[in-house]
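Take a look at the following structure, please.
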Amino acid sequence: MFAVTALTLLVVMALALARAFLGPTLYDRILAVNNFGTKTVLLIAVMDFLAGRPDFLDIAIVYALINFISIIGVLRFFEYAQQKTVEHGE
Amino acid sequence: MNLIGLYNYWIVVTLMMIGFYVVIAHENLIKKLVGLSIFQTSVFFFYISTGKIHGATAPILDPKYDLYSNPLPHVLILTAIVVGIATTALGLALVVRIQESYGSIEEYEIQSQDTQDQMESQLEAYGFRKKHDLSIQNLDE
Amino acid sequence: METLIDIVLLSFLVLTALAVAKMHDLFAVVMLSGIYSLLSASLFLDLDAVDVAFTEASVGAGISTLLFLASLKLVGRYEKRTRYRPMLALGVVLATGTLLIYGTLDMPHFGSPDTPVHQHVAPRYLNDSMAEIGVPNVVTSVLASYRGYDTLGETLVIFTAGIGVTSLLRVSRRTKREEQQRVPADMQQQIILRVVAKWMLPLIMVFALYVQFHGDYGPGGGFQAGVIFAAGVILYTMLYGLSTTQKVFPRKMLELFAALGVLLYGGVGITCLLLGGNFLDYNVLRHDPVHGQHLGILLVELGVGITVASVMIMIFFKFTWRTVKHKYFVK
Amino acid sequence: MIELLLDILSWVLLLSGSFFCLTGGIGLMRFPEFFSRIHAASLTDTLGASLILMGLMLQAGITITLAKLIMILILSLIAGTTASHAMAKAALKSGMCPLDQVDRSQQPEIKAYKDKS
């Protein structure tokens, strides 16, 4: 039963990956990365149960934290970059 | 089984070659650094793949298990990752400084500026006066 | 099932790497390299390397992406088209790749237990580590005790990189003065984000401490804990401004702590020498060798954690100061 | 008996969680523009993740694993939703407009919001 879940998660990851490749705007890519990150957290949790050693869930917690931080970082620096180009344009 | 047996190593080679290509064929220094990190990660995969044993579990001892994967590659790669980020940070700092003094991070633009500098200083050594309308500041603007 | 996940993840990795090579928008390249490191961490977990997955998760996906983004802000977003035809490079790459694949044909198959790699030191570590060191996580015991010299060297490399970045990206007093007069208004409109981040900050710090001191029994240790701690501080910096954070972590303190961690590591080694053992031979620290090993590993990992955390925070601060400087002086 | 019941319940939770994740993935891929995509991705993300984690919790029993799973659940509920909110807000501020609002973007309240930001 974990195997089914893991396979579905892999399919969803493939879809998110495709969106990250295609994404016309940068926000689409950010969204895809975020979605990919949450799916990775789930996949890691499921993989721990699949391997029968669920004491490695710390990694999933780190993922949830780091994913949040990196999304904030992208938003923050992308905002800056846009301001800079606007200033150049004027 | 025979085909799958070497699959990991082939993928490692493919990744390494993609990284290598990015490093030698692209001229943007940031892109080169990304390529370098892809190259680096492929080496990590190689080490970790050699340490894996089928049916084994992670090398954290537990009386319930008796077959563990090899811990030595894990130790080497763990420290290599952290050293990798330190060197990447140093590389990025250098790129930022290059951008500030040359106004560009494309390799051929930097090289052409260097060549021009050299020619100017040679001309000066032969006694010609520096031509101000050809100096780098003017070209930049 | 493990093999299937392995194959799928590796194929994703190749696709991502190809997309990275093809794109010219560097922001998108950095996003994809974030995905790349998420994938590689899942792969490490699948290959039983839990500690490595932990490190890659916190370093590759977190700090590395942030540093790339900060420097992209300084150097511009788009790559120019290359002038040369890449045929020569492609030829070199294909030739090298073919040779390497030819070389793999002689290699032992993936996952087989009788590979030469598994014959020499690894069985000794796995069999004797519990009796000699008394720590269930073999990776920690090898990292901090059996190969302690190596780890001391790595810590010094990180310290040196910190010094390098600090001296490359100096900050003038004038920039600091102008920044301090300004009210930090960055991300002011994202109120929900700021509140949530404020609540999450203590959680991240406590989790970093847990990773630091639980490293003997589960995945974790000084390197990972240092990076997670730094990520927490970086989150605060991004949302509340640089000058606010520098009140808590002033430059001098960070530099002091970066050196202090290395000194703690070296000091443990010297203490072992003075007590009559070898350098970094923790057996002599206590009467009972296993207790000595426990104490030694604890102190050494603490030193690593302190150095890594302060160097990472220091590097991020330097990059952010550069962006501040550009805001005031580039016009 | 109880164990069988728990197993069945956790099956149901895991499978429905996977189903919601899958629909979210398809929505992310197929929808026409950013705001509808973020709608599909973030809503199903929260629901699917919670269901899968709850299914795992039933398997974990009362151990430290359960505590860690609860922590992941709380984190993904708080951090995931906040990140989605921040993304949508940043996109709106950057001048992107939801597809059905393109014609209404001259309406007073939307215009006022844009002028303010």
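By letter and in written order, the chains are A, B, C and D; residue numbering begins at 1 in each of them.
In this text, a contact is a pair of C-beta atoms (placed from the backbone, for glycine too) under 8 Å apart; a residue touches a chain by one contact, two chains touch by 3 or more.
Owing to the predicted nature of the structure, the values given are computational and were not obtained by experimental measurement.
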Inset, instruction - Compare the CA centroid of chain B with every other chain's and tell me the farthest one. - result: D
Legend entry - Where chain A and chain B are represented by their mean Cα positions, the distance between them in whole Å: 24
Inset, instruction - Find the geometric centre of each of chain B and chain D from their Cα atoms only, then give the gap between the two centres in Å, rounded to an integer. - result: 36
Legend entry - Computed distance of Cα centres, chain C from chain B, in Å: 16
Inset, instruction - Could you put a whole-Å number on the gap between the CA centroids of chain A and chain C? - result: 19
Legend entry - Sequence positions of chain D contacting 2 or more other chains: 79, 82, 86, 90
Inset, instruction - Could you tell me which residues belong to chain B and also touch two or more other chains? - result: 57-58, 60, 62
Legend entry - Residue list for chain C, restricted to those that touch at least two other chains: 50, 72, 193, 200, 218-219
Inset, instruction - Sort the chain contact graph into one of these: line, ring, star, complete or other. - result: other
Legend entry - List of chain B residues in touch with chain C within their complex: 4-11, 13-22, 24-31, 33-35, 37-38, 41, 44-45, 48-54, 56-62, 67-75, 77-79, 81-90, 92-97, 99, 105-106, 108
Inset, instruction - Over in the complex, which chain D residues touch chain C? Could you list them? - result: 78-79, 82, 85-86, 89-90, 93, 117
Inset, instruction - Please name which positions on chain A make contact with chain C in the complex. - result: 3, 6, 10, 13-14, 17, 20-21, 23, 26, 29-30, 32-33, 36-37, 40, 43-44, 47, 50-51, 55-56, 58-59, 61-63, 65-70, 72-74, 76-81, 84-85, 87
Legend entry - Footprint of chain B on chain C - complex, ascending: 3, 6-7, 10-11, 13-14, 17-18, 20-21, 26, 29-30, 33, 36-37, 40, 43-44, 47-52, 55-56, 59-60, 63-64, 67-68, 71-72, 74-76, 79-80, 82-83, 86, 89-90, 92-94, 96-97, 100-101, 104-105, 107, 109-113, 115, 117-118, 121-122, 125-126, 129-130, 136-139, 142-143, 147, 150-151, 154, 157-158, 161-162, 164-165, 168-169, 217-219, 223, 227, 308, 311-312, 315, 318-319, 322
Legend entry - chain C residues touching chain D - in the complex, by the definition given at the top: 189-190, 192-193, 196, 199-200
